[in-house]
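Paired with chain B in one complex and with chain C in the other, chain A is shared by the two complexes that follow.
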Partner chain A sequence: MKNKKRAAFILFCILPTLLIFSIFIVYPVTQVFIKSMYSSSGFGNNEQFIGFANFIELFQDDIFLQSIKNTGFLMLVVPVITLFLSLVFASILSLGELREKHLYRTIFFFPSILSFVVIGILWAFIYHPNMGIVNEVLNWMGLEQFALTWLGSKDTVLWAIALVMVWQAVGYYMVMYLAGMDSIPKELYEAASLDGANAVQQFFKITVPMLWEIIRITIIFSINGVLNISFVLVIVMTGGGPNNSSQVALTYMYKQAFVNANFGYAMAIAVIVFSVSLLLSFISNKLTERETH
Partner chain B sequence: MKSIFSKMFILLAIFTIILAGCSSEKEGSSEATTPENGEPEAKSEVLEVAVFQGGYGDAFWKQLAANFEKANPGTKVNVTANPDIGNIIRPKIIAGTPPDVVYLNQTDPSGVTQGLIKEQGLTDLTDLFAGNAIDEDKPLALKILPGVLESVYMSPYGDGKIYMAPYNYNVMGLWYNKTLFDDKGIALPKTWDELLALNSVAKENDRALFTYQGTVPSYLEEILIPAVYSLGGQEALDQMLEYDPEFWKSETALTVLGIFEKIANEENALMNGTVALDHTQSQTSFMQGKAMFIPNGNWFEGEMAEAPREDGFEFGFLGVPTFNAKDPLLALNSVEQMYIPKDAKNPELAKEFLRFMYSEENIKLNGELTKASMAVVGASDIVAEYLSESSYNVFKAVESGMYSMSGNFAPVPAGVNVDPREVLFDQVASIMNKEMTVQEWADKMYEVYSKVEEKK
Partner chain C sequence: MSGNKGIKQRGSKVLVRIFLLTATFIFVYPLVWNLIASLKTNKEIMSSPWGLPAVLNFSNFVRAFTESNMGEFILNSFFVTGLSMALLLILVIPTSYALSRFDFKGRKFLHNFYMAGLFIQPVYIMIPLFLMMNNFHMLDNRFWLSLVYAAGALPFSVYLLTGFMRSIPKEFEESAAMDGSGYFHTLISIIIPLARPGILTVVIFNFFTFWNEYALALVLISTDEKKTIPVGLANLMEVQKFATDWAALFAGLVLVLLPTITLYALTQKKLTEGMSMGGLKG
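Entry: the complex of A and B
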């Protein structure tokens, strides 16, 4: 009797959240799956059920394949570099006896409070082929042959965007790691240094294992972050160019849905992106699983 | 326990009321208009007008609405103006309560107009243009510039029915720095060969020959369409604009695309870094004297009013060179689109509004407030005093000798998931980076056009 009442109470308490969750998450997501089977312009009339035709066409669409490839590249490169740099910076700031510690912490975190659009515009000017600081510096150093059109060449554009994403995210994850490192007992480091372990050994043998749970979460955050942030940066900085070399899955989806009015086709892209990111999160979760002590 | 229950219940109730309050507000306002429409000769009608607020601002629409209310007592016109109007009206269209009159171009990045065309979601305006103009005793169609209403831009389905109403008239082509050409005594090129030959002159003057809006390559349409027309005539142009794949096998296509390859391959012809620059960056570089020519429209001066420029810079409109020295220079024109969505509540009043807009008085008002000229016969004379100098020169050039042609890519049929126009101009970056040949470009377009043809 008491248990029943308790269950009813719990149910009652989660009802509002459940309602909101269903309306704003479950319903739209199911709609995405349903709409991906239709040929539709997104205006409600003339919808036509076409089964899996959108998906079949997708895998013959070279722009889509290119965009998936680009997204994959960013998802692989950006989290690895970002998280590694964040970890290194965090441990230097946390263990190193730097007097300007707080200053660095603020400076590194600064990009995280800027809007992505501002970051995009800022870096578009940094990379500006004729008056950007990157090329000005290279020319001044006499390295004219390296002063490339960073955002205009298919070989450099993705790396250029990846660098911006790393720059933007390092501070954010660094602060997360710093918080984690504060909870690692100092005695571990003292004992290790008594045993003759140097800083690098301490980093890999103490810091990383102790932070492992946080690292796992940040990997998933970072992968999903790449998906979202790359959309804004690509729209602002390159528009997907040159010739779709920097097109990512979400910009292509947006273009198909809202510019070309191929809503059903765009939803098919969304389904793929959804499945891929779910799969990736799952894989990274499995791969990083370790026994917790 | 009970008290917590009741508190929770009250919380839930409050929440529901708030949510319900949000939704019923909108319904309330739209319902308010419908019952009154039921009465015959309803005297209090509300007209919802949604306009794109771009370089022309919104002052004209506000004034036009006020004038319309004065001329039709009892009507109320609500103007919604926004640079992102497409995304604002999209949910209303989907919900079945669209605005009555919309001014938004097919090429708008929101894709709303494009979508409505695909959906056949527009009201037939043929009778509006067959009927008399408001201030003259002749059909409205005769007031509009010849050829405009019949074009795919206004009659998108090619069935002789007009679904779009023309608004402002734009002329586009290549621009140059007039001061530079006058001071150095450089002759204006009349053909593509002459233009490309100016490369050495450009180099002497420490600038590249050409630049374009790199990340928005569809500006190159302003060159490509006239070039195809110049070489292959209307027939070839129609082939290209109506997605006949065979066009890309023709000599015309290869020669025209070849212009871009020549620009890419000749040293100093393309401004360094063009491919990576957006429209503002490339246009600023042009005005700072980094390049000799750039494509753009008559709105150029107004758009770049705040931009830095080289000393003595003056806007000069060249038009588009041809392939034959005897032909007059070309210019591409385009017409802004207005329409009435199919589910509009007040289509008749909306048509009346459009008819009202084409009166001489309002054409003049439009010129005064937007510094532009409507696609109406003689409009550029009516508004001459208001146009910026460069804009006026463009219209004047078109009247004296330059041939202003129209040409727009036809809407793609429903079910086609590629935008051939976009694919066409996306490839330019690869050409400019020397990663692609003209033959590969044409082959790619053949493939894309074939896909469109399948669904026709």
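Entry: the complex of A and C
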């Protein structure tokens, strides 16, 4: 009797949730993989199984190759800069013994809760060739020749977007590292400075190794985060332009699906992006593996 | 010797402060500039990014409401965020309770199943979601959008809440069971109150997710009257490229930021603590 009641309660707890999760998340995930092998315009019964033809076509599609290259660039550059800066900020705040430490933490974290759309719009104006602050500062410093159309030129657009992503995420990872640094014994640093190690040596010899497990997790978070935010920033800031030089894989997927009604083709892109992000997470996990204490 | 060191330390502290203040400027500048621009005239915005407005043009905000439907977008966002949150809590609390406090067959598998969901970004599945919901006539409907949001928030919320519930001492439930309290009653009157801090963390984190979500709202909602504010703003940005009523756009941006800033001011301590609680114990 008691067991039956217990079993009924457990089912009551887990079943409705599992059902909703399966319908709205798990089922669409399986569909991405299945439909990527169909030629499909989405509606009606004109679907046709074509095997890997979508994938073969993708690798001959110059715009797709360009967009994968751009995505890869962002997945490499953004996590490296972001996580390095986050570590530096976290070390300074954690060891600097400043009274206003919490104020800095609050301010640096703030961009990570903002809407990506708002961030994209604001930075589009910051980079604006005539009314943006970036060029205004350059002109003021007498560096007119460096005042570029940051989002309008194929040489600068990706870096411009990458910097916005760094700006957005630095505080988030900094807070994660700060939490981890609370558990590093202060005596380690004291002993190191008695031995004459300077701040930079302490950073690489103590902080980084002690936080290694957290750093490993944040690398994976960061790589995956890039995919999501790059989608919104590119749509809002450049629309993929100029001439596809800021097109990322997911915006190209969106375009194929909702502009060209090429749904099967678009889902093949999703499969590749998903596989690449899993692969990168796996590789980074392997590369950063260490025998720890 | 020690005096020398004191000076050196003070000197490096000044350097550190200069560095941090520069960073603060870079983090804060876009928002301050946004606020100032929302009170300028269009002409003033075009002329210089430094200048202050001659008079405070609150009429920008009026135009944001009257000409750009900001009021409607904001109401939709509040509605969708609130509904998603309610649905999420109804879904996540019982499941997290079962996963953290009961031993049953498949428990571990179910837990890992949700954790695997952490790798699924909503953008990946927006196309099949769109096609499926089109077939079932669920498109352009704020309720179904909210349910999708709640479902998408499950992996992270299950992760946070099971972690928290495991830390609640078992004695409370045991003594409740001794008093003859049923499972359901125990969940409502003992576990939920005890898990309040964990539930609050889930609410805070997901508020920002729901309020800011763009990709799915873009695809699943088509009528202007039902759009949420991120989509509304992105559209406005598109329109303003030609119409150039920048001031009203910036007023709109300030309006989206207000709830975010308010909630952040009230909860930032809890939020950063929640990050160290949830983000790391993986």
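List of remarks:
We adopt the following convention: the second predicted complex is superposed on the first by the 265 of 293 C-alpha atoms of A that agree within 3 Å, B and C clash if a C-alpha of one lies under 4 Å from a C-alpha of the other, contacts with A are read in each partner's own complex, and residues count from 1 in each chain.
As a convention for this text, a contact is a pair of C-beta atoms (placed from the backbone, for glycine too) under 8 Å apart; a residue touches a chain by one contact, two chains touch by 3 or more.
Worth saying up front: this structure is predicted, and the values here are computed from it rather than measured.
Once the complexes are laid over each other on chain A, chain B and chain C cannot both fit and instead clash. Within the superposed three-chain model, A:138 lies out of touch with both chain B and chain C [touch as defined at top]. Contact with chain C, but none with chain B, is seen for A:113 once the two complexes are overlaid on the shared chain. In the superposition on chain A, contact is made by A:260 with chain B only, not with chain C.
Of the two partner chains, neither chain B nor chain C is touched by A:197.
Of the two partner chains placed by the overlay, only chain C lies in contact with A:96; chain B stays clear of it.
Residue contacts after overlaying the shared chain place A:224 against chain C, while chain B stays out of touching range. Contacts of A:13 after superposition on the shared chain: both chain B and chain C are touched.
In the superposition on chain A, A:57 makes contact with chain B only, while chain C stays out of contact range.
Note on chain A: of its two partners chain C and chain B, the one contacting more of its residues is C. Contact with neither chain B nor chain C is seen for A:163 once the two complexes are overlaid on the shared chain. Under the contact criterion defined above, the residues of chain A that touch both chain B in one complex and chain C in the other are 5, 9, 12-13, 16, 42-43, 124, 130, 257-258, 263.
By the touch criterion stated above, chain A contacts chain C in their complex at residues 5-7, 9-10, 12-14, 16-18, 20-21, 23-25, 27-29, 31-32, 35, 42-43, 89, 92-93, 96, 98, 104-111, 113-126, 130-133, 136, 167, 171-172, 175-176, 178-180, 182, 214, 217, 224, 227-228, 231-232, 235-236, 250, 253-254, 257-258, 263, 266-267, 270, 273-274, 277-278, 281. Chain contact summary for the complex, chain B toward chain A: residues 1, 4-5, 8, 11-12, 15, 87, 90, 93-94, 96, 109-112, 114-116, 118-121, 214-217, 271-278, 281, 285, 290, 414-419, 422, 426-430, 432-433, 435.
Considering their complex, residues 5, 9, 12-13, 15-16, 39, 41-46, 48, 54, 57, 61, 124, 127-130, 149-154, 238-239, 241-245, 256-263, 265 of chain A touch chain B. For chain C in complex with chain A, the residues that touch the partner chain are 13, 16-17, 19-20, 23-24, 26-31, 33-34, 37, 45-50, 91-92, 94-95, 97-99, 102, 104, 110, 114, 117, 119-132, 134, 147-148, 150-152, 154, 182-184, 187, 208, 211-212, 214-215, 219, 230-231, 233-234, 237, 246, 249, 253, 256-257, 260, 264, 268, 271-272, 275-276, 279-280, 282.
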